[in-house]
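Given below, in the form of structure tokens, are the structures.
Shared chain: subunit A. Partners: subunit B in the first complex, subunit C in the second.
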Partner chain A sequence: MPSLVSLRPLRHYLLAMALFVTATSSQANEALTRLHQDIGHGYTQLSETSNALADSASAYCRAPTGENQAKLRENWREAFLSWQRVRFVDFGPIEQNSLAWQFQFWPDPKNLVASKVSFWLHQDGELTVNTIDTAGVAVQGFPALEYLLWEPTFLQSDQALPAARSCDLLTAISQHIARNAQTVTAGWYDMASYYESTDDYSATTIKAAMSAVEVIRDRRLGAPMGLRGNGRRNAYQADAWRSGLSLETIRASLEGLDTLFSPGLGMELDAAGASEIKQRLAARLTEALSNFDDLPDGMAPLLNGDGYNSLQALYIDLELLEQVLTDDVAPTLGVIRGFNSSDGD
Partner chain B sequence: MAVRQHLKPLFLATSALTLLVACSEETNTANEAAPVSEPTTTARPVDQAAVITHYADLAQATYQDALTTAQHLRNAVEALIANPSDETLDAARNAWLAARVPYQQSEVFRFGNAVVDDWEGQLNAWPLDEGLIDYVANDAYQYELGNDGATVNIVANTEINVGGQTVDVSTLSPELLADLNEIGGSEANVATGYHAVEFLLWGQDLNGFEAGAGNRSATDFAAGDACTNGNCERRAAYLEAASELLVQDLEWMVAQWSPSTTTNYRHELTSMATTEVFQKMLFGMGSLSLGELAGERMKVALEANSYEDEHDCFSDNTHNSHYYNGKGIENVYTGTYTRVDGTVLSGPSLSALVAETNPVLDAELTQQLQASMAALGQIKAAAEASDNPTKFDMMIAPANTSGAELINNAIAALVAQTANIEKAARIVGVESLQPDDAGHTF
Partner chain C sequence: MTTRRQVLRLGMASLALASAPMGCALFQQPTGTEHLLFSAANTPEGNYTLVGLDSAGQVRSQVTVGDRCHGGCQRPGSRQVLLFARRPGRHFYVIDTLSGQLLASIDAEPDHHFYGHGAFSPDGRYLYTTENHYPSGQGVIGVYDASTGYTRVRQLAAGGIGPHEVRMHPDGNTLVVALGGIQTHPDYQRIKLNLETMSPALLLIDRHDGTVLQRHEPSHQQLSCRHLDVSPDGTVIAGYQFQGPEWQAPPLIARLDSQRGDFRELSLGDGLQSQLRNYTASIAVHPYLPLSAITAPRGGKLLVINHRSGELAVTYDVDDCAGIMAAGQRGFLLTSGTGAVFQLPANLGALIPLQAPTLRWDNHLTAVTVA
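Then we have the complex of A and B:
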């Protein structure tokens, strides 16, 4: 079992309590302003692509042509990847009502998405966005739509789209996602002045990025590679295995860090006189992202073949990226960590 | 199981200034809100080594109780197997429920003490794909995606094949069952422990969000023609071996905490630097409180309306498992444990140590621990009500707002106390919880 790099258990990373020692407050505030803008841009993208997805779902159900189906799948992909870019933000309005889980309930080892979708398809009575609003996180987000759009057993069943009940569910979930995207975007802009004037948010944002990189390395990539536990490779532990986009989602999340987080952080590092660390981080991100030039969108084909070593190469680059954040960025900016919600098993 | 990113501790409410104060001066007696004067009575300083010794005593007593109750369980299982009847099955189920009380209180020792964490999977792994062990209903069995072992049914077969690996399971010994854990690489392949025994005593709970637990008949263990669902002798042998393994494992852990030898974990622990041990104590409290109990064991099940993620899903005893997890957290802080025979073990506590430096924080955390016990107590009370009891799997049903409120209250209380557990860590000299920042001062 080729475990190149030992996985340090997440539970030893104590996260969440964070301090930020300001270098010069005016520069720090500029950095926070930049971070707020960039992340706001990410949420706006999520909003726009989610609206397009909801429109596309309605259009497809009105006219279920092959062309409309292709467009629907593409719109799902764009909205889902928009979510991946901003997924690292684990504070602010996203904390309300388990919104992150509502967008994407993951991991789902017991295939709850399938059983909850099936449950709602077999229920009688009205099925609208209002039904979905209270239906539980497994049926409220992108994975439930992914099931409707890609699950082979479902596509071959008599309930396959564009069956009426399935179309109701498709449009209801799409509208629920669009609604949530508006909510989180509006909430983000509402807190602009609070975010920009609260120095704590600097560390909170850095901590969110660190946590996101660890989750990518350990759970989104390492777990399906068999680098956790006792070594079994399992494609079902990855994101978006149904649509074959497991690696594409990781790329999008890294792009999100590169475009929505890194510029604002760079300003903070400059202000702290640590421009060299800024450059090191940028280089690590570029290096990690360059892996995807030669990788397919999905992970499954690589898990049991010659492609495995390209996953290992990506894993190592994520390890190096995590090290820059933990060993260089965090101490430089005085970020310390407390209990992690992932402490536990 | 894999952990989702869920509960974020909500420290935004606590200002950075507070933390700066709490961090920078260990001896600072001031609370963030208002400075507090020293207690009027001059207490003797709390002996740090005595707090640690007492922590080890608490662990030993808790594991000893877990062992005693597991022995009762094994004896009840033997009685069931010798004479399967409704009465002997009930007695075995009651013994299992009683065994959970001390064990769940012991889980606070798990996080931070590797000797426990590395060992506990064999006793309390969860959730499990029970089709590994015995028969399951075809249409109501949701197992882990990609798990080859999820339907092999060890009871019904003398040889199984999981992921290309063939294993002779003709003789169901404790050792064999232990070796079968995580066969094929899936964490859901749980062959041993409390939940394997629970499944064999209760069977699958096929009632979904409705009232009712698993309903296995005693005749599943009957000899000859009276046997239901086949393979009764192997089922009985499995149950007996799993019960025996539980006893053996707990014997080993009791020995690890015994004061009468110098070659065990207790000796190792009590030889460590005091702050290192305090870190383990508080880390255990915080991890169980936040990530495990509030997160994995409550929030996942609630938010996804998933009875597959219910902790004691076969017996519907989840309310008690949660309650006694919470109790364990309180025990470590207050240095008090009520043993199964009713006697109370108490001694030098973390609470006293924190109070010495910051009595306001100590009072607040003590109150929070009581509040979380009250919230967990509400869940327990609703589940055990004589009139229309609402079990945990009913509380998490879609649109059960009152059930969701009970669970959310408990989650909120556990999250709130975790914030002060972190503060307490700094008070007792655990300066940085992040190794990479060691030596950093703020």
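Then we have the complex of A and C:
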């Protein structure tokens, strides 16, 4: 008789056993139902704000007034921040056709966003949403629009908005984003019963949140702070540096974890008899978010001035948040992140 | 978590296996050979290392390298084992299996990167590697002459995009290639650029002139054919990774009788199929037993099939298991990303833990036999 081998550390195994004893399946399902509902709200927001962005792009190109331009930028910001809130979800329909990369091609060390936008501006021929559908990830998402709306060299060129070709590109990309947002939202609701009835999604969702916090700490904040790689501080390693929203995007992502993930997770922790861990997580999220009360939207002004220590404080709070997830939440709920299962080939 | 149902199911499987005619086949192995295991691994500090273990789990060699590695192959008739940098890899490493020394690091051609696998001609002279010519996106088989320090002498077309694992067919003239079908480009990291149009296949390619002798396509266009192994009688077992929606659970294991061109996919039943989470990591076909082992780390499953009958023999639950290789009379050796090394005995009894260093064992084991 073959033996069944579990490589979980014993402590985790016992805690997981305890979970199965105390958590009834209906409680677990309620937690997944809540998570599905909350994430669904996040996608719905993304869908609505993306539609507003597409409408606003068309309105601006029809009547390129200062007022319409301000509204267009504001709608870009709202849609982009909606994406940041739900960006932690790395499974489900967002995985299809590299949709996450289509929404935001990042990081972009070779500045492909600039070269691909430039390429399409200098092509002749039709430029519609159908063109963008097959044009590649660097020109399909929010960063390409950000380039059209904020890149200083472009704004001073004779192709600057509202030039006809640039307007065609603007409306095509924003329609592509809106279309993708509808696809991912519909896909998310289509998988409701599958998500809610598949217990593995508890661990999958927690692992997604853990990865998201690590990406924020290490790559979205730590890398531009010079805490990784060559040690140099570099604002261009952050996301959304063109629009000056690098820190605001991090705030939105943490808000997303707070509102779209934390409530459902809390139900799971309650069911496992670990309400104290739920409270610890909520406190860490609140502390991390409170940093932004005194921070600007962008990161560049803080990297080389007195403000650097406020970035360090945020970094430390992200570290503490990550520790609660890794050291408390994951072992309590029996969540194990594999090496080959999470990054194989 | 072990459930009663799993225990019962496994019990049935092992009963069924007891009647399989495997006992006599066990003893065709040459005596006096030693089986070593080579694998890429990450140290607890996050360094990339290439490790050689004996079949008791003792470290025979260990070198630190600059990049994460993937698969490998032994050079026939020599003391050399090669390990390839992981996709998009820029190097492969040549190691002396006895001294454990790194003998050479060979760079990829300009505009090419490795996919992480290679295979030798039976005489040990020519090495065949799967590569991406990324300006065109086309897959190629690079041909290297080991007798001249691994100079790249020519290349063959790989029959499409994304060739991944390659093995030498027992006829000595044919390459068996798992064509993953997925287009990537180093500028875009590991983003899959063509999921809507991918066209995976299992291929037999003449190593002398590049002719595609057989092409077998998976039952779904998004089943990326990624890994494989071949038995001495030409039975190929291939493993897929599904790129489509996670709420679907298509077959992930294919069996090709290459003599007859008979290609089939194995059905595991809905329950087990969906537990594999649409992902297989490694395949090992045993050369003397009718058994093949398949790892599925996302589902935490090790599967053993009878590759003659195409039937499932047994499954084991092993978290994050990936590396697997045949090890003669000792059955198979298995590693996991959580640090475990096991022997899977030929009688398919309980897994036997080996005392080996706790490393994050990577995707593949490379079998090395020493006379």
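The rule is short, and it goes like this: the second predicted complex is superposed on the first by the 317 of 345 C-alpha atoms of A that agree within 3 Å, B and C clash if a C-alpha of one lies under 4 Å from a C-alpha of the other, contacts with A are read in each partner's own complex, and residues count from 1 in each chain.
The definition used in the following text is that a residue touches a chain if its C-beta (ideal position, glycine included) is under 8 Å from a C-beta of that chain, and two chains touch if they have at least 3 such contacts.
All of these numbers come straight from a predicted model, not from anything done at the bench.
> Given the touch rule stated above, what does A:G136 touch, subunit B (first), subunit C (second), both, or neither?
both
> More subunit A residues touched by subunit B or by subunit C?
Looking at subunit B versus subunit C, the one contacting more residues of subunit A is B.
> Examine A:K116 and indicate which partner it touches, taking first as subunit B and second as subunit C; both and neither are also allowed.
So A:K116 only meets subunit B here.
> Give one of first, second, both or neither to describe whether A:T326 is in contact with subunit B, with subunit C, with both, or with none.
Only subunit B is touched by A:T326; subunit C is not.
> Of the partners subunit B and subunit C, which touch A:E95 in the superposed model: first, second, both, neither?
A:E95: touches subunit B and subunit C.
> Between subunit B and subunit C, whom does A:R220 touch in the aligned arrangement: first, second, both, or neither?
Neither partner.
> Per the contact definition in the header, classify A:M191: touching subunit B only (first), subunit C only (second), both, or neither.
second
> Residue overlap on subunit A between the subunit B contact set and the subunit C contact set?
16-17, 20, 91, 95, 98, 101, 105, 110, 112, 136-138, 200, 334, 336, 338-341, 344-345
> Can you list the residues on subunit A that touch subunit B in the complex?
So the residues of subunit A touching subunit B come out as 10-14, 16-21, 90-91, 95, 98, 100-101, 105-112, 115-116, 134-138, 199-200, 204, 211, 215, 219, 223, 226, 229-232, 234-237, 326-327, 330-331, 334-345.
> Can you list the subunit B residues touching subunit A in their complex?
1-12, 15-16, 19-20, 23, 111, 127, 142-146, 163, 182, 184-188, 283, 286-288, 290-292, 295-296, 299, 303-306, 308-309, 398-399, 418, 421-422, 432-437, 440, 442
> In their complex, what parts of subunit C are in touch with subunit A?
The contact residues of subunit C facing subunit A are 1-2, 6-7, 10-11, 14, 42, 70, 86-87, 116, 187-188, 191-193, 195-196, 226, 244-247, 277, 279, 281, 297-298, 300, 314, 316-322, 336-340, 342, 348-351, 360-363.
> Within their complex, state which residues of subunit A touch subunit C.
Checking each residue of subunit A against subunit C gives 1-8, 16-17, 20, 91-93, 95-98, 101, 105, 110, 112, 136-138, 187, 191, 194, 200, 334, 336, 338-341, 344-345.
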